[in-house]
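Following this line, the structures themselves.
Two complexes follow with chain A in common, the first pairing it with chain B and the second with chain C.
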Partner chain A sequence: MSNFSLSSKSAQDVAIMMPKGYINDMVAEHLEQTSEQLLGKGVKKIVVNFAEVQYINTIGISIFTSIVQKTLDYNGVLCFTNMKKVHRDILEMMGLIKYVKVFKDEEDALSFMNGKG
Partner chain B sequence: MPFSTLHENDFLGRQEELTALYKRVLQADMGTPQSAALSGPRGIGKTELLKQLFGLLFWKQDRVAPFYYAVNSALLSSSDFSKTYLIQFLCQRLAFEKKEQSLLYYDGISLDDLSALIKSRDAVWARDIVDQYERNVGDPVSALRIVLAAPRRSALISGMPVAVLIDEFHRLKGLSIEGTPDPRLVSLFEEPMSFRKTPHVMAGNAAEIQELPISSCLERIPIQPLGFADASAKVLSLLRAYEVKGSVPPLLLRRLGGNPFYLGCISRAVSSKKNPEGKDFWSAYIQEIMDGALALSWSSVLKNFFPDLGLRRTALEISHKIYHSGEPLSCRVIATSFALTDSQAEVIAHTLYLAGIIRGEFGVFRPVEDSVLRDVIDCLYMKEIQAMLFHDLERDFLEKLLPEKAEVVRFDLTLPMTGEAELVAAKCLEQLGKNLHLNQDSVGQLQIAVIEACINAIEHSRGTERKIYVSVIVDGNTMEVAIESAGQEFIVQETGEPFGDREITNTPGRGWGIKLMKRFADDVRFEKTSRGIKTVLIKHLDKSVHVQKEDTINRE
Partner chain C sequence: MNKKMQLKRLLFSMESLVDLGQEVSSSKELKEKMKAALYVMTGILPVPTAALFVYRSHRKYLHLLVDKGYREKSRKDIKLSILSEHIKRFKMNKPHTIRDMVETAFYRLNDGVFAKLQTKMFVPLFAKDEFVGAIALGSKLGGAPYHAGDKDILMVIAHQMAITLHNAQLFLELAKKASENKRLYKSMQRIYHDTIQAFAAAIDAKDDYTKNHSYRVASYAVAIARELGWKKNDVEGIYVAGLLHDIGKIIIDCDIINKGEKLTAPEITEIKRHPQISFDILSKVRFPWKNIDHFVRHHHERLDGKGYPDALGSTELSDGGKILALADAFDAMTTDRPYRGKMALSEAFREVIKCGGTQFDTKITNTFFNILRKELNGEAKELQILRHLQNIDISSFKALDQAAAYNGTTTESIHTNKTYVHM
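For the complex of A and B:
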């Protein structure tokens, strides 16, 4: 049923992940592994673009907690973009929003990241 | 009157509870049952259940004698209570021997006439009890002890166990000697209740029973609201009795919350119309909450618990605040808001809790999950505090409650519990939203809540039937989604909240599903059904998102 797919691309020293479809536990674990690999390779700026995300459940979103934690451990920066209001509300409710930067789109996130050097 | 006036075929949606109770008291034959108290909100049907149980025990078996007693608040002096309790017990016990229904109505019989009857029946056990009572009638405590032990004594002498069914049990906190109430007198029930050949089943106001000194001896049996289908069948049956054809609009039926008393009030109120339509039911409901039997019932509760007019007014204002604050209120907050001392606020809040008007746990108070009670409180508040005119009140409620569209869209889905079944339900809502041009943001929020409810249904499912039943109703600007599955009971009685799986709630990041449902739906209810458990999500599609402070508190 799930039409999940994850694509990632790099812009300068920034990695961009684009999950698609339904973010549940399995998908979030996939995102977690990918972000861990990126951080392990020294990429410290990560953008997650939610434009293609249709649904999120709380089990999936809870795994974002460890992505946030790992990014902080590596002194990295995590940005979310193109979030629907309802998805943003979920992150807010779970207290995750204060650990990430949320931008309207990738362009804004990249400007911020580049400004960070 | 121990028998119910309701025919057993019209006693809908309670067969499971009735059978369980019947089997339970029959175990007295083997000396194994434990005494219990039926627990549930006002109007849920505890009295009816007790009466149906009496009828079943009286007619359908001959191993355990049933005794039904409804505590009368006019007969609370120890001597009055002892005498009526004894006479009714002896009459009912003698009636059971030859299934003589007429003897059940001898409760006005004098003790002398009863003694003569006992003699003519050669009932040695009964003679023994009456002799013992007459020897001690001058000492109220001894006499009370003897009559409470009468079922036990009859069981010991005759060998026949007795199931003691007591309704309005909470009133016994007013038992008095020489005009002085002594709540400790109730503790005299402890011994007869613990005797295994005389199981006691009590009904009454659960909150007050819980405060009686014998509550620890009683196992609590929760009585749940009727499910949607049973509630619907109940209304049809009631309307049939009034020779009226019609069916309650689904959203109104849901609003009535499966409470048989509420269902009865609306059915009676609408019965003046021969073929009532949806708006007639809504009008009948509004009349009921404004000045019908339903409003009167809750007003009486307020009057009983707050006889002082000034205090009653404050209690109503506090109730209204609790129902509209969106977060639980502590006594401190209540005291500050209403310029009361902490102890005044505590007394009023605790009394409202005992009255069943609010819930109170861990020092904070919140609304009862009862939309009808909420409406009644709103109505009383507008009438008594805001002095709103009857006509304006009626118009306000009509605007608020009567759905704008006459057309109701309903569909049902049965989903296998396979991976991501929740997405099917979510996709259906999306399509429905598009077809009906509903507010997309609101539908999106409800989709997330439905996903969580489905995941919950799968996690709590304990049955062999691996299916989720989803029903969707769109009525005017309201969308209601019910998610039902076979599963274990998961509602905590004190709070009306589901208890989380301990393992799940202890896992970091887990246990957010219910909070999320409550954030994105305007109303969330949990019901026990014949199939298992049901979560009902209601969303008013024309409303902006209401962010509750409670959620904000829990954010970190």
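For the complex of A and C:
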């Protein structure tokens, strides 16, 4: 059984996704599909809160790669928050961090997003 | 990238190969397995869009199996046309940049698809020198170029994916062959049954009065065997034995079989040969069911040893022979014969009861009545006996009730010297 779940919420025009558990198999593709649906509906500001993420492997990197690219394609803004150092290091090493804004928490990300109009 | 970062990246790539190994050797469906493998590949580089194709040699195209990162509409009905001469030009599992491919006939044939998929790298998949599929990769994240190191990683992963695809294809071929064999077997089985039924019809056709007799005997025998808890294959065996039990009659003179008067002693001797002849014919056939020839041989034997051809006693007779004996006699009682009209059903039931213990085994007669009772009470799934009996009246049931009263008690008290004789 997969150890992954996803919840999401919105704050004004910002969508916040909160993945939980291991992002290491195709169950986590749900994260990619959800972000694509949001972008498709016209949501351009997306926050991913990593607080409950325990593990990310290559499959997880691939999922985030697609999310990053799609956000770029839709001219959206993607913020990552509450990242553990190990996760930030992996995403940085794989070259993803330079395409996203990283914040300490949701509050910081939302004030940045709201400042973007 | 500094050395520490390079080392970390290398370690991550090695970890990824472990992930890949786990995915390709998992028990997941091929599509799920290959999608996970494609994600591992695109996570290492990293690449946002990719598509994995499977080679369909008979149709001369590469069929899209799984993909990632594309919008739903953009990949509808995507396939790559490919000819064997194109495949010969590929280097096994080696990534080809689209820039290097633009002059090839394969690229020209599929340039529209490559453009749609925004392909930057094409990796043909080979396992044991056999072309099994290909991977089309889009740009790396942010449009970064592919490095020589990326190509090395792609080659390693491509090799693993090719083997997985190849194994899956072998498995599919095996499954297809197994399914075809199963279909052929079923078809042969049907032909076999049809042939046996044709034989049964031929046997019955010889006797004007016994139309469908073999079929009814088979049907009664199956009902009893099932009620006794016989295995499916054995039930099938008794069905065939029922259909063929009178096959020996084909060499008995028609005039004797259809004689409307009392048979002479030599005629009786002649007609009594048929179980032995049935045995002689059927013992030469290698049936997939056990003891058919013996069941048939003994369908005129009796528990008291007064039957024929071997005059065997109760302990020497098999249940199969005993079942056929009752089924055959009951059908003879309830149908018209050249030498007498059919009995009323109630009379036939009484006759069966009377002959229990001397002619018929009471285990078999009790089972027969149990089935009848279930069928009469609407407890049976199908009517295996009643459907062959016409004009059932309430008095028949009384005889059946009588039989029920004797069930489980001694049957000796209801035996008379009178026994039912038929040929």
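The criterion applied here is as follows: the second predicted complex is superposed on the first by the 112 of 117 C-alpha atoms of A that agree within 3 Å, B and C clash if a C-alpha of one lies under 4 Å from a C-alpha of the other, contacts with A are read in each partner's own complex, and residues count from 1 in each chain.
As a working rule, a residue touches a chain if its C-beta (ideal position, glycine included) is under 8 Å from a C-beta of that chain, and two chains touch if they have at least 3 such contacts.
Please read these numbers as outputs of a predicted model, since none were measured by experiment.
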Next item on the list: Quick one: on chain A, after the overlay, do chain B and chain C clash, or do they fit? Just give me the call.
Entry: clash
Next item on the list: Considering only touches as defined above, state whether A:24 meets chain B (first), chain C (second), both or neither.
Entry: both
Check: Between chain B (first) and chain C (second), which, if any, makes contact with A:42: first, second, both or neither?
Finding: neither
Next item on the list: Could you tell me if A:59 is touching chain B, chain C, both of them or neither one (first, second, both, neither)?
Entry: both
Margin query: Between chain B and chain C, whom does A:85 touch in the aligned arrangement: first, second, both, or neither?
Written below: first
Check: Of the two partner chains, chain B (first) and chain C (second), which one does A:68 touch, if any: first, second, both, or neither?
Finding: second
Item checked: chain B versus chain C as contact partner of A:99, first or second or both or neither -> second
Note to self: Quick check for you: in the superposed arrangement, does A:115 touch first (chain B), second (chain C), both or neither?
What the structure shows: neither
Notebook entry, point to check: So which bit of chain B gets in the way of chain C here: 258-266, 402-410, 510-518 or 528-536?
Noted result: 510-518
Check: Which residues would you name on chain A as touching chain B in one complex and chain C in the other?
Finding: 24, 57-59, 61-63, 65, 89-90, 93-95
Checklist line | Residue numbers on chain C that touch chain A, as the complex places them | finding: 5, 8-9, 12, 15-16, 19-20, 32, 35-36, 39-44, 46-49, 68-69, 71, 141-142, 144
Margin query: Under the definition above, what is the set of chain B residues touching chain A in their complex?
Written below: 419-424, 426, 441, 444-445, 447-448, 451-452, 455, 508-510, 512-513, 515-516, 519-520, 545, 551, 554-556
Checklist line | Residue numbers on chain A that touch chain C, as the complex places them | finding: 24-26, 29, 36, 57-63, 65-66, 68-70, 72, 89-90, 93-96, 98-99
Check: What residues of chain A sit close enough to touch chain B in their complex?
Finding: 1-2, 22, 24, 55-59, 61-63, 65, 84-86, 89-90, 92-95
